[in-house]
Every structure is written in structure tokens, then in C-alpha cells.
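Shared between the two complexes below is chain A, which pairs with chain B and chain C, respectively.
For the complex of A and B:
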């Protein structure tokens, strides 16, 4: 194991060296540092060109310059972007965080939704829902990322901000939204005519009711979840999570999940006063760990022969409830945020990664980050979503045709257990190996999204420096991306070996 | 797109399906079977028609080279802006702020994209086949060298290398730019071809050819390549749609096609600020990018269905019923032995 990792790391280092060497030569051949001077009418143009040639050391062959750069790089000196005079390490600092925020959020959401839709689609192969999914994933596959991003910017941001000026939906909008969601749920659940009709009616009523409630309670201008919504959604989710993880017949798991909902609600008001204290992400992380621990403890206290299953259901529910309490707190800042002079009633941002001169505490800043992340994340999710849907659909189809699935059915397991325990888990194996590699593609996609939304991320840094003929920032970006890609490949191999016992890493 | 799920008593339905399958391909060559299956995929046929229409429209309207075509404007010709540039009878797609005709520009952009798509396809196809075939056929040291080379290119997202190469190409010649992009996009194809060749070289007909004294080149090109053609065609098609998206994205970022040449991505980049006041400047180039990419993807899907009989369509209820009728006249004693295909 250890020798495998060290061997792969060494090979990766070699690849990194060769690839940076090749890229250095390519970049230095493609950039045009004199473009602005060549077009100028300045009388001392030639002198300036000579000066810049001196500054950039262009009389030295590129191969030698590479080794000079490499020498500096390994000693920790990333160089200076010569146009701005800023050290590259300063340029990278904010950019890396901004890009990580974007890519992390997008990956998580795209995986959750893509896998969910893909699996439902595979389970109902050749149904209308399946055909619809395939068609939608085709369309999403064919959409240029920058076009989607510009559309989102126009409709998502400007449209929604206009909507917030006078937030009311016409009855027509409510009916249409209800119809669409009702139809989708109907197609996804399927079954007999009666079951379809029931699903449709429930989904339609729930959607229309929710929109009406939001409108009547002035929710758009003063959004909150509040204890009541948390109780209702929490209970519903407790049932759903238990149904998926252990089946509703397991009364102990259900009881454990419901207990965590009650605990969450009981802590709702005490937590509000805790939130008023100075807060940071470290506290959030700590509270999240406490939540998981409480969930597991509750599961074990409910006891029974299968403590682990109860603990799993309870801790999942606990995380969801805690997440809702967190979102509720962030939402409660909404009126204050909307009213801030820097926002001026148009909360969904189209550029940048934070509002300048906003001020405010941790919660306001968090909300601000979210409003800036919303649209770029959505743009990235739309692109990734299609890929994950396809992967998980084909992977699930393959798994469900295996003999062990037939064995599981033949020995009389309930369908839930066949799908969740035998189907779903094995579906995740090929997916787990795709995710690390896909993150690299996502980093590439982030270049476009960052450019459209003017986020000061690594992609923007790369494109701006490349066009501005600054080789040092470009090389820093390339090293980071290539190193991540090599690591991702190693991680993918390790995950595969860990999940699939037929594969050995030290072979 | 009906909602019925196929009957699940698989043993009998599988034989029935097989019978339908055999009945349909009886006495046809491989090429005819593929063509038939392709034309049965309605989405792919529609996509093919639309794509041909787009290609014809783009070529004939503004012409190629010195031929100006039947359209009255040229892409870079400025004129008086009529009615704020809104679409009207003379300018069906509208005009930009300099009075240039958007239809002519979109057509030129489409030409650029099509040229780049073709060049990328050809280069990536050639590279992919050569590298994949050599690697899979010779294995050993050749294989590990070529695959390390492939890995080197895969280390970076294509858009990153594409950006550097796009800048290197200067961006005024679509063919040069396309050739550079082709040099970035071949690795996935090479890996697939390699995989296919690794399994093909163990087959008997390859041994037979070798025993008969065929040279390596002959075995690769005459015996193995025709058997890998399905994988190659399908994946090249899918590569074409990613090529067109890559080209437009790079042009949008300003590191692809450069002015005064016209690209659909560059148009969107130029006009995105005008979205609120002149939406047609933004919609038409986008519609053509999506249209071409969607058509190519659908054609690829149709080809995959045509070449890969494992992913066959579930036969319709009517066909199943007809197959049962064929089966019925000769009920056998055991009940599960089916008549020979074509016996009735």
C-alpha cells in the first residue's frame, strides 16, 4: 500500500515536471508581451521594447528560463506578475479560496441531484421519465457554459431582483408551477393509474400551497423557516430517511430519527442566543460534529439489535435538522441584508465574490457569500448534472442486471433493500472513481463561469495573465491544476481499490 | 415513448426479442443493418436532416472564398442601423450597433465552427487511431511510452491547454486553430481504440491473418480496424460536439478566434452586454451553437444504437404480438422450443 502510493507519487512528480516543462515552452511561445507596444505610436517605442525584453529576460532561451523558473519555484518563490508588480503568491491567495468555494458547492449539489435523478431514471428504464431525463441531459450536454451563465445572469439575477421589488405570483404562475412539479413527480413515481393520479394531486397541492404560503406570509421579503416549518419538514425527512436507510418497519430507527428532530427543536431557541455571540466557521464545524455525535448517541440509546442502523438514520436526520436551523439563522438576516446601502434591494449579485463595503457580522458575510455563489454554482451544476445523471444511470442499469441482484430478490428481500443495499452501493463504486477526475474538469469549467460572473478566482487569474502575457501566474495556475489532477488520479485508484476488493493496489 | 414497461418474464420474451432481431437482419450485410438501425432512431434522423440543412444554409447563403452566395450582405459590412437594429424583413436576425447584418455574421460564425469541427475531427481521428492502434497492437514498451504521453495531455483540463494553443495559433485561421484543438482532444479516443485493439488482437481471425503471413500494417488496417470502426465512429461524433463547445468557449474567453474573423462564441462575448436592449444579438449565435451541438450529439446516439446491438430498443407491443403470431402456428411439444428463424 505504502509502496504503491510512494511509487505513484514519484511517477506523478515526474509527469508534473515534464508537463510543466512542455507547458512553459508552449506558454512562452504563445504569449505576446509586446502587443501593446507594437501598436503604440510612441517615439521611443523601440527603446521600450528593448527595456521590456530586458525585464522579461527574453534573450535567454525559453528552456533555460524554465529551469530558472523551476529553481525559484521549488524554493518557494512563485515570481512576480510583471504588469501589476504583485507577487504571484499574493495573487493566488484570494483566488484559490474563491475557486474552492465555487467548485466544492457545485460538485456536491451536482452529485446529489445527478445521482438521484440518474438512479430513478435507471430504475424506471424506458419510462417517460427515463426518456425525459435522457433528453434533458442531452440538451444540457449541448449547452455552451458561457451562454448558460450569461442567461442566468440576465434572468436569474436581474429577473429575480425585479421580482423582489413586488413579490407576488399570479395565479397562472402558481398553477403552471404546480402542474410541472406534479407531472414530474407523477412520472418519477409511476405505477398504476390510481397511484399516478394520487402522486400528481399531492405534488400539485403541495407546490401550489407552498407558493401561496410563501406569498401570503411575505416570505420573499422576510424569509425564515421558524420552528413550525422545521418541525414539519424535519418530521417528513425523518420518515423519508428512515424509509430509505432501514425501512419504516424498523420502529427503533424511526423513533431515533424523530427524537433527533425533537432535540433539534428543543435547542432552537437556546441556539439563537448562541448565534448572537461572535461566530466563525470553526464554531460551525464544531457544532456540526456535535450534531453528528448527538445523532449517533440517540441511535445507540434507542438500542435494539441493530444499533448501527438506528444511529445512521438518527445522525443523518440530525444533520438535516441542524442544517435547517443554520439556514434559518442566515435567512433571518435577509431584511437587514436587503436594506443595507451596499445592496440597495437587489440581493442576487452578478459579479464578484463579495460585496465591497458591506460590513456586518459573520452571518451577514455568510449570506453575502451565498448570494454571490448562487448563480455561478447553478451554472456549473447545470453542466455537471448531465454527466452525473448519465454515469449513475448507466452504472445502475448495469448493476441491476447482475446476478447478485436476482439472488437478493430471489431470497425474498424487500425491493427497498435490494435497491439501497445491493444496487445503490455498487452503483457508487464507478462513480466514486469518476468524481475526483471530474473535479478537474470542473476546475476547467470554472474558468468560464468565473469569467462571466467576474469572480476573482483562479480561472480568471489564468485567463487574465495569459492574455496579459504574464508567464509566472499562468505557470502557478498550471502547476496547481496539474498537481491536483495527478493527485485526483491516485485518489481515484485508491478509492477503487478500497471499494472493490477484486482490485489490489500493490499488484 | 409509451409508458408500458416490458414484460418481465424474461426467458420467453428474450427469445421472442431474439427472434424479432434475427428476422429483421436476415440476409443483410453489416452496413445495411447499421444503416437500418440508424434510420429507425427518429431523433438521430431528425438531427441529421437539421444538421445538413444548417450546413447547406451556412455555405450557400454567404458563400465560401470569392463566391458570395445568395445573401445580400456580407459579415463585416457596416450599414445604416434601421429601427435600432431590430429584426425586420431586410435583416431577419437584426443588426448590431455598427449596422452589420447579424444573419450574415451568424452564418460566417457557423462556417467557422463547422470548419473547426471538421478539422478537429480529422486530426483527432488520425492521432487517436494511430496512437491507440500502435499501443494496443504492439503492447509492451510502445504501449507504456504512448500511454505516458497520453497521460501527460490528460493532466490538464482541455480548456486550459486549448487556451494556450488557441493563443499560439493566432486565431485568425480557423483551420490552424482547429488543428491545434485536434491535438488536445485525441487522448480519450486513443484510449478507447487501444482497449478495443487489446481485445481484438487475441481473436482467432487475427491469428489466422498472422499465420497466413500478413504484415503488422496489413493486420492493423485490414483486419482489426474494420472491427473497431463502431467504437471509433461513435466516439468521434461525440468528440465533435465537445470540439464545437470548446471552440466557442475559447473564442468567448478571447483566446480563440480573433477579430476580424467571426466566431459564434466571439459574437456572444461581444454582444452579451446588449442582452437587455438587443436580445437578438445574443440569441441567434447561441441558438446555432446549441443547434449544431445537439444535432451532433443525437446523431452520435443514433450511431451508438446502430453499432451496438446490446443496447437495442425494446420492441413495441405490436411487434411482440406479431412475433407471437409467427410463433403460434407451430406449437412444439415442450412449448419453449421456437421454430427456426425464417421457417414460417
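For the complex of A and C:
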């Protein structure tokens, strides 16, 4: 194990060295530090050129400059972005944070939805739903990011903000939305004609009812979840989570989940006063940990032979309910947010990561961050989602054709257990190798997405420095991305070995 | 088991009920979340501010000058006709004598830095010291490994990195009046653009003193800077120069607020790296051009379409994105948005090469020493360039008001442009081109066609590729065969500057940043030293003589006459031709009134003192 890791690390280091060398030469060959001066008619152009030549040390061959740069780099001096005179380490700081903010949510959502849809589609292989999923995922997969982003801005921001001026849907829109959702649910669930009809009816009613409710309660302008929605949704999710993790037959798990819903509701009002205090993300993190702990405790208190399973279901439910309470609080500031002069009734943003001159407390700022993250996240999710759907579908299909699945079915296990315990888990093995590499690629910056949404992340840093012929930030960026890619590969190997007993790392 | 579960649920429900009743009272309390209720005008700009000292090497860039325009006031500024206007509320200046050129600047009594320190002659003095190279006593010397060999000397020496030609002509240390409000400069030789030498690019001398000489008191620091300069105290000037070169560089709000001290209508309030900066009106500012809106926010958006959509979504009020047909059609479709089509400072032109034994070189053996023949060939070639077609096909879709530019020196819209075009002889070359006249000239010259013309341009630039295609078609009709020597952007600059033996004509843009009369000098001069931008190796002693006079002329009318004389020579010689001014587009929300963009920097920010935010 140790020798495997050290061997891989050494090889990675070598790769890194060679690749930085190649990249340095390529970058220095392709940048044009004098481009802006070439068109200039400034009387002191000659001095400017001479100064810049001096500053950038351009009389030294690129190979020697590389070794100088390398020497500085390994001693921790990342250099300076010469156009602004800023140390590269400062430039990276802000960029890394912005990128992580953008990528984190997008990746999680894309994985959750992608895997979910992929698995359902695999279970309904060759059904209409399956074909529909394949069609949609290929369409999404082939969409260019800049185009998706522009369309999202047009409809998701500008269109939605216009809609908010007078938020009412015509009956036609409500019916069509209900039909579409109903149809999708019907196709996903499948079954006999009667079952399909029921599913369709329920989904149709739920969708149309929800839209009507939103409209009648003025939800668009004064959104909230409130105890009632939290109770209804929480209970539904408690059932769903229990059904997936342990099956509804496990009454203790169900009870534990429902208990956490009740506890969450009981704490709803006390928490509101807590939220009025000066808040920060540290508190949120602390409360999240408490939530998980409470969930586990409830699971154990319900007792029984498999306390662990109850604890798992309960803590999952607890997190969901706590999340809803948090969202509810953030939503409660929506009217004030909409009314702010800096927002001017148009909350969904198309650029940047925060609204200038907004002011406001933790909750307003959180809301503002969300309205800015919404569209870029959605753009990334749409594109990534497709990939995960494809991977998980094919992986699930392969697993479900294995002998051990047949064995599991033959020994009379309920289908839920066959799918969740024997099928789903093994499906995740190949995904475990894809996810780390995907995450790293994204950390390198969703260059186009960041550019179109004017977010100051890694991708923007890279592209701006490259255009400005600043080799040092470009190299810092490339080294980080290359190093992360090498690391991701090692991590993927290790995860694979940990998950799949057939693989041994010290082989 | 059943009983246990039921009781648990009951207990839970009961506790919920209890908590509900206990806390019901406080739930109604609303709060405004501490949201800022002020309104602001938001402007989109491409690149973020990186330095507030506009004269240093890194600070000399548009993204800095537009912000500084609102932060700082000055002795003069351009109006919408590109005429230089004195701002007497800031201070006055007058030419005291023509020989030697002597200029006296007097700072107004109410002119103050935003920290309360008075703006005075020392601030002007520092500007001179830094841009005149008078005190620069050391330059870094590098060995073949690129290592600076005289690092110690550089550390101890004085090196200001913002030398400009005008102040460099002031060798004598200027004199400051006793009240410290006036400063008098004596030029060692007359300089045409003296009015542009000290405008609005001042940095606070007291901050420089505080930071570099480790002083705390503002006045004391300012006096120290003044004494160091007047007394040529190199030991003190060394840290002053170092701080002046890079001390005002920042890309987010600096911890030390003294770096953002300004003397104009606004103060820098907030700066979030790569995202936006916020300017607040300076309540103590007494100058003429008072900020009219309380807060101006500048948001940094690189992508032109993103700027358009941000405008549509109300996130910004005013944009000046890079013009393209897409941007224009998107903007025109927007309701309640005013769009303005105009031009920017860069113009496209064709230059011919005189010194490469090519078809345009008078010393080409083919012409047997008859320079007149070569001139006719040049004129014929320039006549084939379909300037109007290029403008109609490529520029009008971006700017419906686009016109062919017909002056080598003056920007369309500048005070004397129309007079210049009427008299400079450019009417010899009709905008539409004249193939017949070109053929006739070639026949007169008695050269055999087809003539090969090697044409150099940046062939990664789609617009230039299209222009060359149009020129190729048209030139072929008169008997010129265009040989495409276009290069990718990376190689093109080198080819243009040093590869004159590989091309005969070139197509590219020149960018003007001011109306300085000496700016064109480097384009046309051959002797005593070839101008840096004279890539065509053009050589006309009459032009050189006129340029010499222009350098030292300080009378605007005389300056224009000299420029006219130069242009007459250029057009008659077939130096080259000018095609169009790069299109610019600006758009703003109709509720923002008073926007009036100008051609050169500060473009959309011009006139900020008249901005009004309607309902």
C-alpha cells in the first residue's frame, strides 16, 4: 500500500515536472506581451517596450526562464501578475474560493439527479422513459456551455424577473405543467394501466395544486415554507428515505424518521429567535452537526436489533428537515430583498457573485449568494447531469445482469433490497472513479461558464492572465490543475481498491 | 410496542403544540435585514482597476484612467467636441512666455485631497519629478542570464518608471511660489503638447511621503517630498521613486485607505476583486464638475453579450461593450434602452512600404530612378482600395453612421477634422475608389501589369481577412495582384516591424488616446532617426521639417497648419490610406439621463457630472 502510493506520487511528480516544462515553453511561445503596445501611438512607446522587456526578462531564453521560475516556485514564490503587480498567491485565493462555491453545489446536484435518473432509466430499460432520458441526456451533453448560459439568462433571469412583476400563471400554463410532470412521473414509475393512471392523476393534481397554491398565497413575492409545508414535505420525505434505506416494513426506522420531523417542527419557532442573532456559516455548520447527532440519537433511542439503520434514516431525515427550516428563514427575507434599491424587483442575477451596495445581514447575503449562484449552477448541472445519467444507467444495467442479482432474487429478497443493496451499491463503484476526476476538472474552472456569468473564478483568472500575457498566474493555474489531476487519479485508484475487493493496490 | 409508539408520537405532538404557543408572539416581528436603501448608477466595464497612479508603467491603462476620471479632478479635460477645456475651479495655468516656453500652474484654494490635506504645488512637482527622468540615475543592467547585475545600485538609486516626452523637456528644477500654490516650469525647448503634460494624473505627494519616508504628519511628509525634489536629495528620492512606481497598485480595497485618497468628485468606497468597485460622492469637493449621483458602481464584465443581458436585467445601467453585429441587434431589440453608435480611438489604415525595392519603392530598379513612376503606382494602388465598400459591408452593420476616414492625423469629430479633410488632398482618392483613374496612372507610369503586391495583415482577424478579400478583388481590376502574406497574430507584429522586405503593403490599426499633436510624429518621421511607427520606411524631408516645427509649435492655429501641410504631403506621396474608425456602441437604461459618450477615454464616463437617475 505504502509503496504503491509513494510510487504513484513519484511518477506523478515526474509527470508534473515534464508537463510544467512543456507548458511553460508553449505558453511563453503563444503569449504576446507587447500586443497592446504594437498599436500604440504613445510618444514614449520605445521606453515602454524597453521597460517591459526588462521587466519580463525577455532577453533570457524561455528554457532558462523556466528553470528560474521553477526555482522560485518550489521555494514558495509563485511570482507576480505583472500587469497589476499583484502576487499570484493573492490572485489565486479569491479565485479558488469563488470556483469552489460554484462547483460544489453543481457537482452534488448533478450527481444526485444524474444517478437517480440514470438508475430509474436502467430499471425501465427500453421503456418510453428510458428513451426519453437517453434523448434528453444526449441533447444536454451536446449543448455548448456558452449557449446554455445565454439562454438561461434570457429565460431564467430576465424572463423570470419580468414574470415577478406580475406573478400569475394562466390556467393553460398550469394545465400544461401538470400534464408534463404527470406524464414524466407516469413513465418513470411504470406498471399496470391502473397504476399508471393513478400515478398520472396524483402527479397532475400535485403539480397543478402546487402552482395554484403558490399563486393564490402570493408565494412568488412572499415565499416561505412555514411549518405546514415543512410538516407535509418532511413527512413525505421521511417515508421516502425510510423506504429507500430500510424499507417501510422496518417500523422502527420509520418511527425514528418521523420523530425527527416532529422534533424539527417543535424547534421551528425557537429557532426563529435564534436566527435573529448575528449569524454566520460557523453557526450553520455547528447546527448541522447537532442535527446529525440528534438524528442518530433518535435512531438509537428507538432501539431494536438494527439501531444503525434507524439512525441512518433518522439523521438523513433530520438533515432534510433542518435544511428546510434554514431555507425557510432565508426565504423570509425575500420581500425585503426584492424591495432593495440595488435589486429593484429583479432578484435573479446574470452576472457576478454578489450585488454591489446591497448591505444586509447574514441572511440577506446568503439569499444574494443564492440568486447569483442559481443560473451558473444550473448551467453546470445541465451539462454534467447528462454524463452521470449515462454512466449510472450503463453501470446499473451491467450490474443488474450479474449472477448475484439473480441469486438475490431467487432467494426471495424483496425487489427494493435487490436494487438498493445489491444493485445500487455495486453500480457506484465505477462512478467512484469518475467523480473525483470530474470534480478536479471542474475545479480548474468552468472557464466558459465563469466567463459568461462574469464570476471571478479560476477559469477567469486563467483566461485573463493568458490574454494579458502574464505567464506566472497562468503557470500557477496550470500547475494546480495538473497536480490536482494527478492526485485525482491516485485517489480514484485508491477508492476503487477500497470499494472493490477484487482490486489490490499492492499488487 | 404499539402503545409505546403511540405515546411517543403523542408526546411529540404535545411538545410541538407547547412550543408553538410559547413562541407564537415573536414570530410576527419583521426586520429589514439591514439592507442599504441608497440608489446607485451602475456601469459595466471590461477590465478591473489595477493602479491609481496613471503615469507609472502599470498604471497607464484605460481601466485605470476611467476610474481616476471620477475620483480625481484636474487642470483640464476633453469636452464632447474633443476640445481641451480648462477647469478653473481646480486651478489655472498660463503660458507665461514662448521663448523659453514657460508655464505657470496655480492651484485653487479649495482644491483638497479627500483626506483634507490641501492639494498644492508639491503634488504637481512630484508629477514632474516622476515623469521627467531628471532624477533617474540608474537603470537595471542585466547580464546574459537575465540576472540584474547592479541590484545594489538599483536599490540605492532613483528610478521613476513613468517617463514621458513633455516633462522630459523641463530640465530645470521648477520654482514654487512662497504660498506653495503656484509652480512654474521652464521648457528647454518649445513643446506643442505642453497642455497635456500636467492634467489630472496627480498622486497625493503627502501619501507618497508618509509611505516612503515613514512620516506620519501629512504636511511634514509633503514638505519632505518637496525638499527632496527641490534639493535633489537622492537618498530620499530613491524610496519615493520606488513607492511612486508601484505603491498605488491594488486590485481590491487596500487595508491602508490613504492609497485611495483622491481630489475629485468621488471617493473610492469599496473594491471587490474582479467584481465591482463603488464610488461615493465626495461631500467636501468644491470643484466645478460635482458628482450628481450619490453612488457610482462599476461592475467588471468581460463578455460583451453578458454586458447586454446585464443591462436588460437591470443589473447595470450603462454599458460600452465591444461592438459587433450581434451586440448591436441585441441592444436594438431592448425596450427602454438608448443605444448610441459611435466610433472609438482606433482606426484602420493601409500603409505602403517605400524602402524595400518593391513596387512602391522609388528606388526600385524597374523605375530606373524615376521616383515619379513609383509615386503613380502607389497612387494607383491606393485608388483601387474600395474604402466605401469596406465600410458599407463590414462596418455599417456595426455602426450605421460609419463613414470613411480621410485624415491621417485627426480623429473624426475632433475640432479641425472637417477642415483637414477638405484641404488635405485626400479627395484625390474617392471613397469608392477609382479603377479607371488607377489604370490611367499605371499607363502613365508605363509599368507592365500585373504588379504583384505582397499584402501583410493579421490573418487571425476575420475583419481584416474580409477587407483583404475586397481589396484583392478591386485591385485586380486595375492590374494589381495581391499576394497574401498575412500572418497569425503571434508572428504578425514582428513581420510588420522588421520584415519590410517581405511585404509591400500592410493593413492594421492605430490607436489614439489623446489629441496630442506630437502623437503622429513617430508614424511619419524618417530623419534624424526613423519614427518608431514608421514601418513603411517613408522618407520625406519636407514632412520631417514640418514635424520638427510641430514639435515646438505652441500655437493651435499654427499647429493645425503644420498638420495640414504634413497631410498634404502624405496624400500626395501616396503614403497610404485611412479606411475607417473602429465602431463603438454604448447603451444605457433610459431612466439614466445625461449620458454623452466621447470617442477617446473616458468614453462612457464623460459627463458623469450631468448624470441623473430618473424614476
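For this structure, a couple of remarks:
Quick note on the criterion: the second predicted complex is superposed on the first by the 497 of 507 C-alpha atoms of A that agree within 3 Å, B and C clash if a C-alpha of one lies under 4 Å from a C-alpha of the other, contacts with A are read in each partner's own complex, and residues count from 1 in each chain.
Just so it is clear, a residue touches a chain if its C-beta (ideal position, glycine included) is under 8 Å from a C-beta of that chain, and two chains touch if they have at least 3 such contacts.
None of these values were measured; they are calculated from a predicted model.
Superposition model on chain A: chain B and chain C are shown in a clashing arrangement.
By the touch criterion defined above, A:451 reaches both chain B and chain C. When both complexes are overlaid on chain A, the residue A:263 reaches chain C alone and has no touch with chain B. In the superposition on chain A, A:10 makes contact with neither chain B nor chain C. When both complexes are overlaid on chain A, the residue A:349 reaches chain C alone and has no touch with chain B.
Of the two partner chains placed by the overlay, only chain C lies in contact with A:48; chain B stays clear of it.
Contact comparison for chain A: of chain B and chain C, C touches the greater number of residues.
When both complexes are overlaid on chain A, the residue A:126 reaches chain B alone and has no touch with chain C. Touch criterion not met for A:285: it reaches neither chain B nor chain C.
Legend: residue contacts after superposition of the two complexes on their common chain; A:228 is shown touching neither chain B nor chain C.
In the superposed model, A:23 lies in contact with chain B only, and not with chain C. Chain B runs into chain C after superposition on chain A, and of the options 112-120, 292-300 or 454-462 the stretch responsible is 454-462.
Residue overlap on chain A between the chain B contacts of one complex and the chain C contacts of the other covers 29-30, 32, 150, 154, 158, 451. Within the complex formed with chain A, the residues of chain B that make contact are 1, 3, 5-6, 148, 151-152, 154-161, 163-165, 167-168, 241, 245, 248-249, 252-255, 265, 268-269, 272, 275-276, 282, 286, 289-290, 293-294, 296-298, 301, 314. Those residues of chain A whose C-beta lies close enough to touch chain B in the complex are 15-16, 18-19, 22-23, 26-27, 29-32, 124, 126-128, 131, 138-139, 141-147, 150, 154, 158, 190, 440-441, 443-445, 447-448, 451, 462-463, 466-467, 477-478, 481-482, 485-486. Listed in rising order, the residues of chain C touching chain A in the complex are 5, 8-9, 12-13, 15-16, 19-20, 22-24, 26-27, 29, 31-40, 42, 50-51, 57-58, 60-61, 140, 142, 145-146, 161, 163-165, 246, 249-252, 270, 272-276, 278, 295, 297, 299-303, 305-306, 309-310, 312-315, 346, 489-490, 493, 496-497, 508-513, 516, 518-523, 532-533. Chain A meets chain C in the complex at residues 29-30, 32, 34-35, 38-48, 51-52, 54-55, 57, 59-60, 64-65, 68, 82-86, 90-91, 94, 150, 153-154, 157-158, 161, 227, 251, 255, 258-259, 262-263, 265-270, 272-273, 276, 333, 336-337, 339-342, 344, 346, 348-354, 356-361, 363-364, 451-454, 456, 460, 464.
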